[in-house]
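Both complexes below contain chain A, partnered by chain B and then by chain C.
Take a look at the complex of A and B:
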């Protein structure tokens, strides 16, 4: 019989920040909290003011130049430079492909409360794009 | 004492915002890693047993728990604050190691030369089913 648990706050019993889940194949157990995506973002930047379409754990987005942005978090990460920024993608409104990097003009700002990112086209120029998305994993404070 | 809760669906106390446990477990990252490719070493990670330096811009992330198969998804990113060419990219596979149940490879490249290049920050997240 299917079961439903109605709850607003999940906490570990032994340690509040550590709930164990069993793997899909049943061979291993891992921490739920450590594996949850802590931040994701989809925004449009090829307009006058970049606009967030949807997000998780993002308080605001700053436009710091063509193809350059700072993402500010609602809840801080545990340590600067020690979380992972995978899954950054971009879709442009032109024929050139593009990619998103964590750095911005050589200045890494990989802080607990936000990070700077840059979008570069395949012709090696910074560019604003129609759809920019990112995904962060790691430990929150 | 450790406790175990068996449930199919989670909702908030109002009965809204429903999420099935399949999404909770299946949608969580099973591995993530943040490594320094310049000095080579893991800064922080989850479910990573070790990382291997295979050469310039070429790394392997080894998992603590094996994935169910090699059909999982890897998201990667890289950057370096000390280099004058910030626009570098990372790929999910390398020349020396692709996707395996116990590891995956990462290659970081200069986009202008497409030559492997070590980076200050090399990040990856793995989504898929564990064994």
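Take a look at the complex of A and C:
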């Protein structure tokens, strides 16, 4: 019979932020906390004011300009530039395909409390898109 | 009342098998690196980067994946006033490494310019 442990809060005993889990194949052990996604975001930007559809660890989204946004985190990362991200977009009705990249022209670039991102179309122009998504992994403060 | 469980390691009830995270999944590797050296800023389950040439790197894993059919998402470089850079995965993943290319998005030329390059990988480990 499967055993199920029901608990609201799980913490490391030796260190509150470090719990070890075994890999699926049993060949390795890893830190659970290091691997958890720490921030994700799905928003629509091809409207007057960009609107967050759903998110994790995002407090707000600022519209910096066409195809440029600042994502503000609810809980800070532990160090600037020392976390990883990935992004994608789905093209809007009149748009070409596009991708998400960091934005050096924004007011912050992978800071602990947020980051500026840009959406660039395949013709190298900035664009607002119907669906923009972003995923961040790394260590929180 | 909130229940708190303090524990150092979690395993299935047989003591060795992996525990199931109900309706959740954790990333198994991530890396943030700058391309010109190249140098890793921070990472999880990644070992040293292999520099294959301009704009071409092999990102090696410390613990191998069970299959090469994992999901790896990338985000690269930055958008300056005029141009943007992308990083894409090469279609030859192995269980122990992922080769990537950095290129200028407008004409596809490879380069080592982007200072911020990231990849996150999801799937089962060996």
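In the analysis below, the second predicted complex is superposed on the first by the 130 of 141 C-alpha atoms of A that agree within 3 Å, B and C clash if a C-alpha of one lies under 4 Å from a C-alpha of the other, contacts with A are read in each partner's own complex, and residues count from 1 in each chain.
Methods note: a contact is a pair of C-beta atoms (placed from the backbone, for glycine too) under 8 Å apart; a residue touches a chain by one contact, two chains touch by 3 or more.
Small disclaimer: the values here were computed from a predicted structure and weren't measured.
K.L.:
Is this a clash or a fit when chain B and chain C both end up on chain A?
P.N.:
clash
K.L.:
Touch test for A:11: chain B only (first), chain C only (second), both, or neither?
P.N.:
Only chain C is touched by A:11; chain B is not.
K.L.:
After superposition on the shared chain, which partner residues are touched by A:59: those of chain B (first), chain C (second), both, or neither?
P.N.:
A:59 contacts neither chain B nor chain C.
K.L.:
For A:74, select first, second, both or neither according to whether it touches chain B, chain C, the two together, or no partner.
P.N.:
Neither chain B nor chain C is touched by A:74.
K.L.:
May I ask you to decide whether A:28 touches chain B, chain C, both, or neither, giving the answer as first, second, both or neither?
P.N.:
Both partners, chain B and chain C.
K.L.:
Touching A:108 in the superposition: chain B (first), chain C (second), both, neither?
P.N.:
A:108 sits against chain B, while chain C stays out of touch.
K.L.:
Take the contacts of chain A with chain B and those with chain C, and give the residues found in both.
P.N.:
Residues 3, 5-8, 10, 13-14, 21-25, 27-28, 30-32, 34-37, 79, 81-88, 99-105, 110, 118, 120, 122, 124, 126, 135, 137-139, which sit in both footprints.
K.L.:
Please name which positions on chain C make contact with chain A in the complex.
P.N.:
Touching chain A from chain C are residues 2-13, 16-19, 26-28, 30-32, 41-45, 63-64, 66, 73-81, 83-86, 105-106, 116, 118-120, 124-126.
K.L.:
In their shared complex, at which residues does chain A touch chain B?
P.N.:
2-8, 10, 13-14, 21-25, 27-28, 30-32, 34-37, 79, 81-88, 99-108, 110, 118, 120, 122, 124, 126, 135, 137-139
K.L.:
In their shared complex, at which residues does chain B touch chain A?
P.N.:
1-3, 5-15, 18, 24-30, 32-34, 43-44, 46-47, 65-66, 68, 74-89, 111-112, 120-121, 123-125, 129-131
K.L.:
What residues of chain A sit close enough to touch chain C in their complex?
P.N.:
That would be residues 3, 5-14, 16, 18-32, 34-37, 68, 79, 81-88, 99-105, 109-110, 118, 120, 122-124, 126, 134-135, 137-139 of chain A.
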